[in-house]
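Here it is, the structure in full.
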Amino acid sequence: MSTPTTTTATDHAAMEHATTEHAATERASSDSATAERTTAEQAQLMREQILQMGTGPDGTHVGGSLSSADLLTVLYQEVLRLRPEEPDWPDRDRFILSKGHASAALYAALSARGFLPAEELAEYGTSGSRLAGHPLRRLPGVEFPTGSLGHGLSLGVGTALALRRTGRSGRAYVLMGDGELQEGSVWEAAMSAAHLRLGGLTAIVDRNRLQITGDTEERMGLEPLAGKWRSFGWQVLTVDGHDLDALRAAFAALPGPTGQPVVIIADTVKGKGVPLFENKKKSHSVKLSPNLHRRALAGLRARSRRQS
Amino acid sequence: MSTPTTTTATDHAAMEHATTEHAATERASSDSATAERTTAEQAQLMREQILQMGTGPDGTHVGGSLSSADLLTVLYQEVLRLRPEEPDWPDRDRFILSKGHASAALYAALSARGFLPAEELAEYGTSGSRLAGHPLRRLPGVEFPTGSLGHGLSLGVGTALALRRTGRSGRAYVLMGDGELQEGSVWEAAMSAAHLRLGGLTAIVDRNRLQITGDTEERMGLEPLAGKWRSFGWQVLTVDGHDLDALRAAFAALPGPTGQPVVIIADTVKGKGVPLFENKKKSHSVKLSPNLHRRALAGLRARSRRQS
Amino acid sequence: MTDWQERYATATRDVYRATLLDIAKSDTRVFCVDTDMGGLEDGFEAELPDQYVNVGIAEANLMGVSAGLAAEGLLPFANTIASFAATRACEQVKVDIAGNALPVRIVGTHGGFSAGHYGPTHHAVEDVAIMRSLPNLTVLVPADAAETEYAVRALADTEQLPGPVYLRLGRKATPLVHRGPYTFRIGQADLLRPGRDVTLVASGPVPVAESVAAAELLAGRGIAARVLNLHTVKPLDAEAVLSAARETAGLVTVEDHLVTGGLGGAVAELTAAHHPCRVHRIGVPDGFHDQVGTETELLARAGVTAPAIAGAAEEVMRERN
Amino acid sequence: MTDWQERYATATRDVYRATLLDIAKSDTRVFCVDTDMGGLEDGFEAELPDQYVNVGIAEANLMGVSAGLAAEGLLPFANTIASFAATRACEQVKVDIAGNALPVRIVGTHGGFSAGHYGPTHHAVEDVAIMRSLPNLTVLVPADAAETEYAVRALADTEQLPGPVYLRLGRKATPLVHRGPYTFRIGQADLLRPGRDVTLVASGPVPVAESVAAAELLAGRGIAARVLNLHTVKPLDAEAVLSAARETAGLVTVEDHLVTGGLGGAVAELTAAHHPCRVHRIGVPDGFHDQVGTETELLARAGVTAPAIAGAAEEVMRERN
């Protein structure tokens, strides 16, 4: 297990390590060894489901869904305290998919957690479905509709501020794309979260180094990315976004509601797990023909066999 | 003379030190000693004119005009290559007052440079005048109307990019308030200017540490401010914004059109020069009654006598 | 001066602040979200620091944060300048607040030309058109300080108003419309003067005041002009407007806003659909209004004056015949 | 299939890209400003890297940068999604581009419901209302790929069009309106079918196609419906609309946009002012449209179908009598 790199001095006093524990109390599977195997398997299942949704009428955002798959799986399987049978449970954790185009990954995560029947995933993008290309608020488990980049972190600031004010125990998590960080609204939110010491808000950056038109560093360089967040007052944890243990460790190291907020920069691979798509800008949005789907799935399964 | 603190490694090769020189060729006063005395006197005159404009029907933004007075005077007296008789001269430097509420200071600078008759300043804010509370584009010497914070730097990016593309020699300068940097649009522009290596664009921050509701660090902390700019890819020069020589040195140390852009963080005092207003949040927007005007002016003059 | 007159001889902005503080004292859901407006910190924050937050000079953030607060059951009042609410933060209002039908109260000062000599970046003459095009939003334009107090108190009632509201305020004191208490109901036009010949439909302080004055002028010429104060531009009081369309020769709309897309646009759309009649729209013409002047001067230049309104009413009557 | 049909059997977005590249080759003022749209880099940037810039996923920056470029004599095409152009970057469009009357060509794809299952954050059903409220802007809504080519070529002519333009495009191929070359003039309605009984006034690909189909249906019922394609929503062709108001029983407006503030609103305002007549507005009702469906499905749900249009036309005729 690799541990996350703590890149700023941390207010250890303010930290509470209870996150994973709490999640467990709201989960059926409590045995940690089982949980670990299950989580990796869930991530694999999520990837298959993403590819399946990519066969929908207009395809889906395959690359950025696959890069988020591991971290979303850890979040939904082990971290987030949620009650699928009571989606509005006041003490739940709030998750906001600011990179709303990765909706396929979110739907898979929600279904794994029991918010949606797995069969419903087949309706992705079809007429009359609840599973739009970007998440709709009326879907249980979705806090806010997203899809226009750069909205999520402000929503998270408001949410975390309200949770602190009302004394509820839930945390707020916001997942953003790296290209998304080019939106100025992200930095407004970042500045205010740090100023307000919203330790209950955690940002996660899916650092897959690709935006639609190519390599972020060629298109609109984001480096030094940790430096940007630090200069905006955040504590930065840089982790391998496909290392489940590293992700777990990061999520276990979050501050309390008045601590310095943490951003987890998850180094990821766009299209992760599917050799056809890995690190390919074309993987951003793909409509998988039956043939392409077959090849992609075969590649995904071969890779996973090789790794286990 | 204090020199500016160069806070990043500078691409010295890309620098051209010709700025001040060029300005001189477009100025009547070429003797440097005269210019220096004149500049200080001009700044004092600008302050008196700002106070005068503050007696207009709705007052003016006194504090942020006074904090910008010295740097605007150096810019307009010594740095900017302009032709008052030909405001659209293609090879002019472009100045954009992103903190448009400091229009009174800009009008004084434009009048000192010959764009407006000094008598017109008396019309500030009155019906039918060209001198609005925020600069209007139809006023000669104004490149863009401003007043909504956070627009100027993007305008500067477009301007500098066009100047580079068309091979014109002018530079673009954008003056922002420190509170203004809370606008996310500033960071979009900052990121793109650095990525595009727009050395022909120079940002200036009037770091007077006050926004309307109080101390920036209490309201919405900006520190580490140099760190923010550096992490966004800029070279940072921190100067005393009331030290004319330090300002001159900073403006003389600017890169060429493909260099790393420079931001000059000018440490200033809001309300500078008028003891009644210095470092007072209430100085932000003031309507000067005849009595208040008398006291403010007396304070300003006493201070200047003490210093010379 | 009556008590009423003395109490409300103030700017809509000022009475808003006092009323907000008052309701917040007894309703802890009320949350004042500031973007460095100046003024809220001295009153509201000083008294109720736990119900105040400054999110920076950052209007997009303002709307997103307010949406987050509202989703958690608080009642945020999001404070900015009208133009910034409608344009700078437009998408955040659309997606985060309006789309989710969250009870955020978006309060924009400097409505219309009330920013006076501040110039075009601070004028809001397209805000009503924009806000009217966003889903679920109630759009309120109080005509004076008293009406502002009624409106702000109404905003605290989330049973009656479970969705988002845009409240458009001014900057300086404007004339009082009523001399004492009256019935204010969101969505219901305020009949200021009965009349069977022609109807003046107005919203906003100066437009309403000038319309009342125009009705006086018309009365002197033997014309009975009905005057409606449409403090609620959305939802529009269809019954009041269509009755006026049926019962009088035609309508003159008067607003401190563009003649397109705002009150005049809403009235034209409604009547054209259900009872076509002449609608003469008085307001700000298309263009960038970079003239220096006071609110009333700028509006006078745009034709928002009692004589111009009266003239338009006469024209509407002539054309009917 | 004719050459014409083959050539334009494509999305307005695609023909835009090809035409832009074509005009840029001979007009070095043309500058393609990208916000990571995807597609412009492979065609445009690959061929003309010096006339291309990517300003990041940053729509506010897009507009400010484009204003700066235009002020220096370049001819920027600012590329984003329609909804982001009108709402995310609204203030930059207003102040930096429209207010200064600069020749920026703002190009928004995914107009109306053309983003289909992408959902409400990607739909633009209020963009025309918003853009119409901003100063100096010409608002163009081509009805098919061929019209898009005409429009894009017209945009290169800064003598005819010295100010800013908003060009609203779709995302997928839509039916062709004409079978071959025709006269396209900005500001002038395209008369698709003469008729003296009632008039269908449409803008946008599906609305125009459905209106033409509705006219067929009506012809079968003995009703001669005039059909106008209003590709230019601002400035509106007042003469064509008012002639229709005078010469036919009334108007049905059809758009892939809210029924308020857009084409229908503009037509209602105009007729109510000069020749009151029935204006039945067909388009998207107020609300947040978070249904999943294709463009045509979503529009059908909103009532933008030939039968519904024909029915509205008959109703307009009945009410006239």
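Going in written order, the chains are labelled A, B, C and D, and every chain counts its residues from 1.
The rule is simple: a residue touches a chain if its C-beta (ideal position, glycine included) is under 8 Å from a C-beta of that chain, and two chains touch if they have at least 3 such contacts.
Treat the numbers as computed from the prediction; the structure is a model and nothing was measured.
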Q.
For chain B and chain D, which third chains touch each of them?
A. A, C
**Q.** Remotest chain, chain C as reference, centres from CA atoms
**A.** A
Q | Separation of chain A from chain B, taking each centre as the mean of its C-alpha atoms, in whole Å | A | 43
Q. What whole-Å value do you get for the distance between chain A and chain C if each is reduced to the mean of its CA atoms?
A. 42
Q: List the centre-to-centre spacing of chain C and chain D in whole Å, with centres computed as mean CA coordinates.
A: 30
Q: Give, as an integer number of Å, the spacing between the C-alpha centres of chain C and chain B.
A: 37
Q | For chain A, residues that touch 2 or more chains besides their own | A | 137, 145, 148, 150, 182-185, 188, 191-192, 195, 220
Q: Note the residues in chain D that touch 2 or more other chains, in rising order.
A: 55-56, 58, 60-61, 83-84, 88, 91, 95, 99-100, 120-121, 290
Q: Quick one: label the inter-chain contact graph as line, ring, star, complete or other.
A: complete
Q: Enumerate the contact residues on chain C facing chain B in the complex.
A: 34, 36-38, 40-41, 54-58, 60-61, 83-84, 88, 115-122, 290-294, 297
Q) Tell me, which parts of chain B touch chain D in their complex? A) 137, 143-145, 148, 151, 153-163, 165-166, 168, 184-185, 188-189, 191-192, 195-196
Q) In the complex of these two chains, what residues of chain A are touching chain D? A) 56-58, 100, 125-138, 145-150, 179-180, 182-184, 211-214, 219-220, 284-285
**Q.** chain A-touching residues of chain C, taken from the complex the two chains share
**A.** 31, 50, 53, 55-56, 58, 60-61, 63-74, 76, 91-92, 95-96, 99-100
Q. What residues of chain D sit close enough to touch chain C in their complex?
A. 83-84, 86-88, 90-91, 94-95, 98-101, 120-121, 126, 129-130, 132-136, 250, 258-261, 264-269, 271-273, 276-281, 286-288, 290
